[in-house]
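Next up: some structures, all given as structure tokens.
The same subunit A turns up in both complexes below, where it pairs with subunit B and then with subunit C.
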Partner chain A sequence: MSGIEITTPLHVRRRLRGRRLFEARILPALFLLPAGLFVFGLTVWPVFRAFQLSFTDANLAMFTTGEFNYVGLNQYVSVFTSTFFRSVILRTAVFGIACVALTMTVGISVSLLLNRDFKGRTVLAILVILPWAVPRVAAAIVWQWMFHDQFGLMNWLLYSAGFELFRGFAWFNQPVIAFTAIAIVIVWQSFPFIAVSMLAGLQSIPGEIHDAAMIDGAGAWQRIMNITLPMLKSLVLVLTVISTIWAFKIFDQVFVMTAGGPARQTELLAITTWREAFTQHNFGRASALAMVMFFILAGITAVYLRLIREEEA
Partner chain B sequence: MRTITRTIVRTFVLLLVMTVLMAAGQREQVSEESNEVTVWIMQPGSATLQTMLERFTEEFEAEYDASVNLVFQPWGTAHDAFTTAIATGDVPDVAEMGTTWTPEFGAIGAFAPQEIDDLSQFIEAVLESGAPEGIPLGVPWYAGARALIYNRTVFDELGLSAPENWEDLIVAGQTIRAETDMYAFSVVGAGANHFVLPKVWQAGGEIAVQQADGSWEATINSPEGVAAFEFYVSMFTEYGFAPAGALNWTVADAQTAFRNGDLAMFLGLGPNYGVVTRDNDAFEVGVALMPAGPSGRRDTFAGGSHLVRFAGSRNPDLAQAYIDFLVQDERIAEFASEVGFFPGTVEGIEAMDLNEVQTVFAEMLLNHSRSYPPNAAWGRFEGAQLFTSAVQRMMQGSVDAQTALNEVAREMNQGFAQ
Partner chain C sequence: MNANRDFIGTDRSTAYHRMARIASLTGTYFAAILVGLFAVGPILWMISTALKPNAEIFTRTPVLIPSTVVWDRFVIVLTGDFGRYLLNSIIVSFSTVALSVTAAAMAGWVLARYPIPLKRYLLILILGAQMFPFVVLLIPIFILVRQLGLIGTYGGLVLAYLSFTTPLVVWILRGFFLSIPIELEESAMVDGATRVQAFRKIILPMALPGIASASVFGFISAWNELLFALSFNRNNPSMHTLPVALQQFIGRETTDWGMIMAASLVFTIPVVVFFLLTHKHMTKGMVMGAVKG
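So, the complex of A and B:
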């Protein structure tokens, strides 16, 4: 190799060095550029733009002129000093946490069931996945009809079962009951992903460990709590992070089933953000709300990632 | 290997250059195309209407040697679509616009003013809603006003006649509740706007009044406004004319309940009448003028739509020609009668051969219809669910009418001041 360098003329060596640099550094970058531009355009730029707009009082007219007034932290101040916006953030957090807890509980339970060997397991597994495959808006429309006070299937079933209360029962008149109905739909649609993911994790645990534990006298509950879940802690954490992000971004189901009503009492952060932007044309405040959600989710994700790293360490 | 690498790089660079050139050329192509317009029309409820609009468009294309990109926008997402189009500057040339949206988008200069020689030809309320500063921004296309739609079979069996006023409405409703299993009246919560706000007029009040300097001031919390909201909600809370779930009902739910024979009366437009009578042999349906309030007025909201030309149209002359083409008498009459509405002109309605039912709807439109304050803030009030939230909270029993309407008036005045 060194012999070639000695005998090769200087200009040829420079050209070879340039080609090596091109092939090692520039060419990969060029190949990555289209994908990079795509990712930048669809994720980084919108977040940056929303962040920028959150410091303005941008309205629809300003978009036509391209001139925005910068108002510092005013939009964030208005978000955190408004009783309504604070209640929306709190409501989103409480409802989101409840949905995550329910989704994880149901998902893990179903995965444990599917991990057992019984007749009809394949059919059950297919049935479990089905809700996940249904488009969210379509599912919400069907469930809204099922919860309808006059001709809903749910009231008919419950009334037929002897519950007199459910004759014409209005599921969406009070926020707590409305959220219960919405939570049923959300959990119904989101638990299959958790169940399937957990099932894959469960099947990666060697059977010998369970066998050894059984010989030592461990019961089913003890095996789940002391073997299964600790061994799948990283997976559970990742799934919890994903579920949390989904839960905080919930829009479709709530929008279809209640549109945030009655009297905006079931409105969550995503719907409030949409309403501020598209019905009030207050893009500055909508961007501030979007950034609040972004920072909350970024914070939750950071905590979980740290927990995962500690676990791996 | 070197050859392959060189080929890949050359191909990539070529593609990149082509993409840039195509992007640049596309904009040039659009601006150079002089005989093409994009038109957004609200998604019609039936295939017949869609076919009719497509036929009108084909006729226009043939007459003007033009190309029309006709896009049907669903009503539910149209407001978002317009907002996005205006924000990005990628607007259509012509659009159908809900009457309460015309002032909202018009206030930021989205639409070109319409030069109309004879303003008196149009129905005043529909024209007024499209002229926030007195300058028409939209041409009234079709219009309609609500009337009382009732189950005539049940009314006949009970010896009732259509209620003439609020007192009659209560008496009829109580009789229906006492004598049948039906609910009496559509006291809807989620879709309350067009049901409760006209009651303020019927009670002798105003929702808002325009001052001498052109500004608006909310008067919805006046004694008449309070009486109107109290009357409306009392039919739910006191008289039980609607089921508990009506707190979240829209007019679509009321329409379904009426058609199923579970509800005796609801307030609807011509298209609603069409839906509840189509293939319905179970009972006869009657239509009556809106029951008058304590002031003796039967006022209702004039619904419908305008055709607007966007200020950013790349082909304004052709866009205007398309609007003029659509609102010609024969087309507007054909379209309006099919959709269950009326033409936006007085002459257009008078030229129609109206049946008994259409006569009632026409009288509501011509003699008892009004527009909401044609102010840019109105769309924001509706978007914030200002009025429906007040009604729903009252239906929940969590607030009294005066308190709720004082809050509404305060929000309205803040909106008007912006």
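So, the complex of A and C:
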């Protein structure tokens, strides 16, 4: 140190030390600041704010007088004692699980198909990705048109195939049938992601393993169930968790296709929360509903993060 | 006789194998056609409906290929009210991308290079933020934007969109910066460059493909967004973005399906083009990046 002090002029030394301090401490803080502000201000803080509001009776008056009262757990009590809210939560879970099961089945089947050797396979791989790229609102609209009672392609296909019932069949008048139509849209949009991810996984399995199993006399189905899928177990799990999270967040497709009708019977948690906030202006109750959803998804996300960590280890 | 019987025997087994192969190949092609139709059928139907004359839309026996191509609808879409919504969508999406990618490039680089205290938890937070249900964020952000007086402005919507684009883009870009060897930066600094210069002149240009795909990712999520746009500007048609306009259009009148399909097509095409250009990075960003950290 003393040697440098003699040979390096004082102001150069100060500047170098300043630069080192700047690059080690100030620069990273400065660079993290904007993104940090966005993430904390627009995701972390809102979650706490929603948590706070869920214990209040906040409504439109908070914009004029800025006032709201704390009502303790009342909003949660009214959510869980109302048969309507309870049925919405149950419906969201059942519909979500059904969508995940369908999406995973279709996605994995398509990935197994794409993993076979046939002409036109690369073309099919591109075609399969397309539904993923279509915006959710546009997908809901085009499927609504396909399910049109008078001029819809689906009804025409079905009654041409001999199902007389589908002549002029209304898809959106009964909740179970409307949910079937919505599930088809959801699966259509989410299977490509599963298929593409699974295909990448399938192609990472060495061919020798299959050859060995084939020599041992394992049939195609046995090879898939006993070798391929177990080898990709962690990938299948992660994909299942991701699609479960997506399924619980569904809003756009339902909002466009049925807007929750008929008689609020196809409302899912996200739609009910939105209506409570933006048509009833009951921000307190809506926040309680949102927090119910948050805790369900936080649980699923915790599982997801644990799976990722296991993958790393 | 003997020789003949032998011949038949071997022929039977090869014939069996050939039949099995043909059967399996037929099955494969049959499944491939079915999957292909399911995937692109609705998209083709959207294009077909947008282009054909009304007489061929409103018929009980569908017409697949239009007899004459009707372009008028696209002229109406681009010059009428939808032109305004298209412009709104473009302004909001591009501003969101510009802000979030700039912020995320700086943050992503710091997270890839510096030992930040609690970094592990920060990354989990960023990854977890992608999982947040929008409705949880919606109410507090709506209240915030309203109190800032930004309801009915582009700024309000952009602010809301930063909530979900920023974590995503930080995550993707950090992955890209990690893949660039740190030695490049170090040698630039040995040559007398400051750390900021090394970042700007060496690292940023190398990360350009990553920045491009992160931008596309951010653009698509902002372009497709319905929930915030609907909640902020439902009663303010001049501020509608395309998803809101389409949702309101279909809610109000469900008769002019040709126009609805033409507008949906204008809304869909940019996304599909962008998507196909970068989907490889996207899949990696979502699965491999997420799985392998």
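General remarks:
Heads up, the rule we're going with is that the second predicted complex is superposed on the first by the 272 of 313 C-alpha atoms of A that agree within 3 Å, B and C clash if a C-alpha of one lies under 4 Å from a C-alpha of the other, contacts with A are read in each partner's own complex, and residues count from 1 in each chain.
In this section, a residue touches a chain if its C-beta (ideal position, glycine included) is under 8 Å from a C-beta of that chain, and two chains touch if they have at least 3 such contacts.
Small disclaimer: the values here were computed from a predicted structure and weren't measured.
Annotation: superposed three-chain arrangement on subunit A; subunit B versus subunit C shows a clash. Of the two partner chains placed by superposition, only subunit B is touched by A:Ala61; subunit C is not.
Once the two complexes are overlaid on the shared chain, A:Pro262 sits against subunit B while remaining clear of subunit C. When the two complexes are overlaid on their common chain A, residue A:Phe166 makes contact with neither subunit B nor subunit C.
By the touch criterion defined above, A:Phe95 lies against neither subunit B nor subunit C after alignment on the C-alpha atoms of chain A.
Residue contacts after overlaying the shared chain place A:Gln280 against subunit B, while subunit C stays out of touching range. Contact with both subunit B and subunit C is seen for A:Gln150 once the two complexes are overlaid on the shared chain. In the superposed model, A:Leu27 lies in contact with both subunit B and subunit C. Judged by the number of subunit A residues each one touches, C leads among subunit B and subunit C. In the three-chain superposition, subunit C clashes with subunit B only at 73-81, the remaining stretches of 19-27, 73-81 or 199-207 being clear.
Residue overlap on subunit A between its contacts with subunit B in one complex and with subunit C in the other: 23, 27, 31, 63, 148, 150-151, 259, 277-278, 283. Note for the complex: subunit A touches subunit C at residues 19, 23, 27-28, 31-32, 34-36, 38-39, 42-47, 49-50, 53, 62-63, 110, 113, 116, 118, 120-121, 124, 126-139, 141-146, 148, 150-151, 153, 156, 188, 192-193, 196-197, 200, 235, 238-239, 245, 248-249, 251-252, 255-256, 259, 269-270, 273-274, 277-278, 283, 286-287, 289-291, 293-294, 297, 300-301, 304-305, 308, 311-312.
By the touch rule above, subunit C contacts subunit A in their complex via residues 25, 28-29, 31-32, 35-36, 38-40, 42-43, 45-46, 49, 57-62, 100, 102-104, 106-111, 114, 116, 124-129, 131-144, 146-147, 159-160, 162-164, 166-167, 170, 194-196, 223-224, 226-227, 230-231, 234, 242-243, 246-247, 250-251, 257, 260-261, 264, 267-268, 271-272, 275-276, 279, 283, 286-288, 290-293. Listed in rising order, the residues of subunit B touching subunit A in the complex are 5, 9, 12, 79-80, 83, 86-89, 105, 107-110, 189-190, 243-245, 247-248, 253, 256-257, 260, 262, 379-380, 382-385, 388-390, 392-393, 395-396. Subunit A meets subunit B in the complex at residues 23, 27, 30-31, 60-61, 63-64, 148-151, 168-174, 258-264, 275, 277-281, 283.
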